[in-house]
Amino acid sequence: MSDADLAAPAKPAAIDARGSRILQGTGWARQLALPIALVLLLAGFGLADDRVLTTYNLLNIAQQTSYLALFAMAQMVVILTRGFDLSLGPTVSMVSVAAALAMAGIGGADANGIVAVLAAIAAGFALAAACGLFNGVVVSILGVSPLVATLGSMNIAIGVATTISDGRPVQGVPAAFADLFYRGSILGLPIAIVIAILVGGVLAFVLSRTVFGRSLYIIGTNPQAAAVAGIPVKRLLVYAYVLCSALAALGALMMTARTGSGEPNLGGTLSLQSIAAAVVGGTSLAGGRGGVGSAALGALFITILSNGMNLTRIDGYVQMIVLGAIVILGVVLDRLRLDGR
Amino acid sequence: EDSASWWPFPVYDASSGTPTEAEYTPLEKADKAYNICVLFPHMKDSFWVAVAYGIVTQAKAENVNMNLYEAGGYENLPKQISQFDDCMASGADAIVVGAISGAGLTQKFAEAAEKKIPVVGVTNPLPKDALPAANYVDFVAMGGVTAKGLLSAIGDEEANVVTFPGPAGSGWAEDFNKGFKDTVEGHDNVKILDEKFGDSGVAVQLKLIQDALQTYPEMNVIWGTAPTAEAAIGAVQLAGRPDIKIISSYENQAMLDALNGGQILAFATQYPVAEGAMAIDQAVRLIEGKDVMKLAQPKADVIDETTAKDLNMDLVLAPADWNPEYSVKAK
Amino acid sequence: MSTTATLPGGPGRQSGQDILNLVLTVGLLPVLMAIVIIGTSLMSPYFLGWMNVVNILRMASFLAIIACGQAMVIIAGGFDLSVGAVVALASVVTAKAMAAAASAIGGPDILAIVIGIAAGLGSGLAVGLFNGLCVARLKVSGFVVTLGTMSATAGIGLLLTNGIPVYGMPKGFVQAIGRSQILGFPLAIYIALAVVLAMAFVQRRTLFGRYVYAIGGNQEAAVVSGVSIRRHLVGTYVLSGGLAATVGILLTALVGSGQASLGGDAMMLQSIAAAVIGGVSLRGGIGRVEVVAVAALFLTILGNALNLLHIDSRLQPIFLGLIMVLAVALDEFSRRRMSRV
Amino acid sequence: MEPAATSTTPRNETAEPLLVLSGVTKRFPGVLALDDVDLDVKAGELHVLFGENGAGKSTLINVISGTFPPTSGSFRFGGEEMAELTPHKARAIGISPVFQEFSLVPSLTVEENLFLGRERSAAGILDAGGMRRRARELIAELGFDLDPKARVDKLDRAHQQMAEIAKALLGKVRLLILDEPTASLTERETGRLFELIARLKSQGVGIIYVSHRMREIRALADRVTVLRDGRHIKTLDAATVTDSELVELMTGRKIDVLFPAITHRPGEVAIAVEKLATADGQVADVDFFARAGEITGVAGLVGCGKSELVRAIYGIEPIASGSVTLRGETVTALDPRSSLRRGVAYFPANRGVEGLALSRPIRENVSMAALDLGRYQRRGIIRRTAERSLIGPIMETLKLRPPNIERAVGNLSGGNRQKVMLGRAMARDLDIFLFDEPSVGIDVGAKVEVYEFIKRLVEAGAAVVVVSSELPEVLALSNRLYVMHHGRIAALLEGEAMTEQNVLSSFFEEEAREKAA
């Protein structure tokens, strides 16, 4: 048991008790509040501009959401354990470049499709796993706070991404890759949406139905109790960070297919965005609270907001202000609703 | 705000691959009030404000609807891609894009082509033949122009240069740098001591410059982005090194003022206002299926004290009192 | 209490103990810093040059001032992501107000300068107040609130300037605040010293400081002990906003123009890194500003050393990230060893 | 006590009682914690609040000390109507609570905590010297072994309790409220506290006292008020009421004996510890063994290392040297996971911090330590139906109330929380049980159930170790009793020799021996 854990003040029981009562008693209200807000938001934009609610645009929103939702889900996994991953964005950049380089290395645009795709996947996930492993080991075994650990790996990933790419986009992504991760569609749904739904489903299953998922919630709620109950806290923390990076890598591959090149700046602001999406959706930074639904809803919320503002022609800087205001308003409403009971 | 005096504008027509001298003259008016969607990497400096000025002025002149979206910075490629999607979703007749990464948008370009939405590239370079029409200066060439300016200014004197190209991984910083380096190569009196990549904000550049002043006491030329030059002016003064020459790889209001104040040696320009205006015209021509110059390249110039007087400032910067407009409604 | 059972007693143990105790009191940071300083000065003759030392101190001053505010917020159990954006806003507001005042009243520069500084500080305090009120009154997490204000503040800064630098400040301002020196050191260093000393005093000797520790350490306990939570929470955010604005003003004077690109995410992350490396606990209740200032100096020296050692600027983030993680991991390790002894 | 003396001269008998509550109701979301309670406390009286876990005692105290307002009802203090009371105001007028959940800030020192909210200051600047002097004075006056400069999170619970009590006595006190103050004190400190209480009473301070320990109630109480389910059941004169009457009022049923008669049938040695020393030095050179079929007790003063001993055996306290042998097999590299696999269970004293994930359902908390078993999962996927049908009956036998295993543990009272911990032991097959303070903070009814549980374990042949600061408890339960002192075994008592007298004298002998050495 680390000293840091022991020194951490135990949350007064009254607060926890109240928090859990809310979770239980208002389960359905929590689930529904954000969706209702989303529908209202969408309806509002729909009134302002009639192109917002076209099938085409709705599909467009869904597709844009799938990327952010993937990253928010990745982030949520580690937030559940009281951590977060600032290196997620740079990991995305690094994976994008590495995958493109791997494909370029074996023949670029003319490479054999399957070989190229496999090479990209191998290179991307290997790097991401290394990054996740680094984060996990530094956080759980060396006991460094997730903030510093991932701030460190964030810098490292940025350095790696710009160094191996020489700072330029890496071109030569074969069509097979773009088909698989971007252009394809299943039952009329663009592949990105299909992947996001599949991953979301599997992740939801993992979190709610497996020993691993259950343990993450327990670790996030009370790490000391988890350790005393024989849960291998350190090992599972490492897994959580690796899983986070792996999901980020999947998103990175999809984005690379979407851009058609390996981009050293692809992840730029994704770290904060994914945290924002997860938290706005109701994932608690204090750990132990959240799920696939919260991450997906948060991502949808942010995407609809910016899509709506784009289509209703709100100026860029004003968009930033509105986005900030709405993020605050979102959590304030959440808070008021919880208090109102 | 009248663009009439800008035309004809001398350019290279590089449609066929080899640039030939040409003149650009836009249409009088569009046939209809088309919807044109414009995407910018950001609007955080006077350079992009200048491009926007050209776009807004020309959109008004040709009487089309225009909406401009900015992605908030070069680190936001995913956002620009989403904005591109939003443009297509909002039923734009054409899209004008200042690409964060030309390579990164190729998929989107292909999609727009499938949907028969014409796309025009403006200011930022794109892969060859990526779009039906574009206008930009090759950044490698821009870097080269500034190098030539330096070479002619120093004659036989020794020049020890540290370059501050801009953010690593942006693509454009690397290209500027390459152009500069390639051009000074083979000149024995010019030595490049180091290349310091870094975010193109004044604060970051200031720190890099101050560190470089310590690392390389022999440095006597600072070459870099406009914010680099801005930061360098103060840093050089503080360090008591008025002998250091400062050159900026592109233009903004501060560069013009600094040049007039004798604080920098030179800056390069690619006439961003004209670029914006041409892009709108190219878009209208594509929509209407008219003849279009596939790749127009403004003649990049390096501006120093002597040439500053002859410069048509209208084509370099937006008027000081102009406030960016993000949308234009056709009358 | 002893470890005699574990270690064979003998000569040398006592001195080992002494070193360990020393490290416990001063922390590992100065030791690491000494290593970096000595190492770099051996490899680069310019590192300990007067100009370079002044440069380092100036840059460290900016970071230290912001990190002090950030540290107070974190100690109270919060988070301030908006500091970078406040730096930018304050810069722009100062420059605009000063330029406007200068051209409107003509007269002596000093009046315009005072008006400009007041406006800049005011803008920072206002953002801080808004953050504080949201966190304290509406009981929303500081992380999310300041994420929102970060976006909104940056938007306002850009909206005011369109990203174009603001000129027209009286020359006196740039000369007096930005470029003037006292005993060979720039003004910023004195201001930083004053801020750190004042904050150290506040932490140790004032009610406000005491209550900030109490609130972050155990908010429930503070409540039942009759501490007014709201007022002091708001206080920490206002302080942080004010200090960030101070840096915005100093940077404006240094670069000679108001810039919406000053500050930004990098400044925000660095301030948090400095606070955490300086021993501030992200769970609140623990941390000393003077150590945070040392951490700010450490980070600045590190960046400077990498430049002076001719490390490729693309590789620099990798070193920075590794050293940052290493520093905190070692610290954590020694602290754990300590708690055993 | 200087402050008390200045504040109260005993009031004349006809005056209104110090504190009068009428019709106080407190409603939390979904819970009616207090239901129309009337109560009065006279100056110089010690008034015991008695009731099961969750009866509303702490809630009542919180209302009186201004932590939150009652939903309805009113109360008067010192003849004045109290409206809009804040914690600050309450302390200012002499209402001093000692909370069950401590009101201490872990990262501050004892001294800083004592003055929290009432710092001596001028213009916002602290008078550090003055406060230090006053803190030293107070601690000396109270006779506590407490370092005012020590950080609270470095103290054990007992010393934290002392700090909490000292904090309450800092200002002028007219009504002292003690919520289970002795739950983590040992005999010596408890004795000190009782002397202090007597002194305060004689100075006319009114005292509200909450405890689950019958002995204390007997020793201290003037009157006893019994609460049940948030309702005031009866107020009785302590001199005339019997223990069994009180317990019956409290639980609504009869409880004859607290400690069950346990038949010990010592079998093979289950745990053998040789020359054990922990890395933190709290345990040194300990030889210890525990057999199957009997309860092995460990008693000792605060900080003597008795907790560390069992924690080391379980594997959460690093071991520096020595060996641990479980059922003849010497184990190296102890950790909770492998201990559980070897059939060893540990019940931490601090259930909130080390035991339970409060916001998670009871079901998850019970199965938490057994998820590696095939019964609960297959290839890492949890068998939810199986889990539910296994945990449900376990909690039923433990008489969980309310019997819903999907509720969050945070909603449960102390006794029921302990039942969740016990349930964890039944969720897998275990035969060595290490209890650290098994009955701390739980009511008499729940205690009986815990003891019954331990009895069943032992009689089924398990090896049980009970570590406790409550002497009657270890004396009544154990077959053999170790007494620890300063990290070493001071005595091993068996059979007739297991008396309170012998335990205490072995402390003092050891103390004397150490002094001599």
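A few points about this structure:
Per-chain numbering from 1; labels A, B, C and D assigned in written order.
The rule is short, and it goes like this: a contact is a pair of C-beta atoms (placed from the backbone, for glycine too) under 8 Å apart; a residue touches a chain by one contact, two chains touch by 3 or more.
If you want to know which protein each chain is, UniProt gives these names: A, C = ABC transporter permease; D = Sugar ABC transporter ATP-binding protein.
Treat the numbers as computed from the prediction; the structure is a model and nothing was measured.
More inter-chain C-beta contacts link the pair A-D than the other of C-D and A-D. Work out the mean CA point of chain A and of chain D, and you get 43 Å between them. Measuring from the averaged C-alpha position of chain A to that of chain B gives a distance of 34 Å. Multi-chain contact residues, meaning those touching two or more other chains, occur in chain C at positions 158, 217-218, 220, 285, 314, 339.
In chain A, 9, 12, 14, 162, 167, 269, 315-317, 320 are the positions where the chain touches two or more neighbouring chains simultaneously.
Contact with two or more other chains is made by residues 43, 168, 197 of chain B.
By the contact rule set out at the top, the touching chain pairs are A-B, A-C, A-D, B-C, C-D. Within the complex, the chain C residues that touch chain B are 44, 46-47, 49, 51-52, 55, 59, 158, 162-165, 167, 174, 178-179, 251, 254-257, 259-264, 266-267, 303-304, 307-308, 310, 313-314.
Those residues of chain A whose C-beta lies close enough to touch chain D in the complex are 1, 6-7, 9-14, 16-25, 209-212, 214-215, 217-218, 221-222, 224-232, 288-289, 341. On chain C, the positions that touch chain A within their shared complex are 81, 134, 138-141, 143-145, 147-156, 158-159, 217-218, 220, 265, 269, 272-273, 276-277, 282-283, 285, 312, 314-322, 324-325, 328-329, 332-333, 335-336, 339. Put simply, chain B touches chain C in their complex at residues 42-46, 48-49, 168, 194-204, 206-208, 210-215, 217, 227, 230-231, 233-234, 237-239, 252-254, 257, 323-324. Of all residues in chain B, those touching chain A in their complex are 43, 67-70, 72-79, 81-83, 85-91, 100-107, 110, 127, 167-171, 173-174, 197, 326-327.
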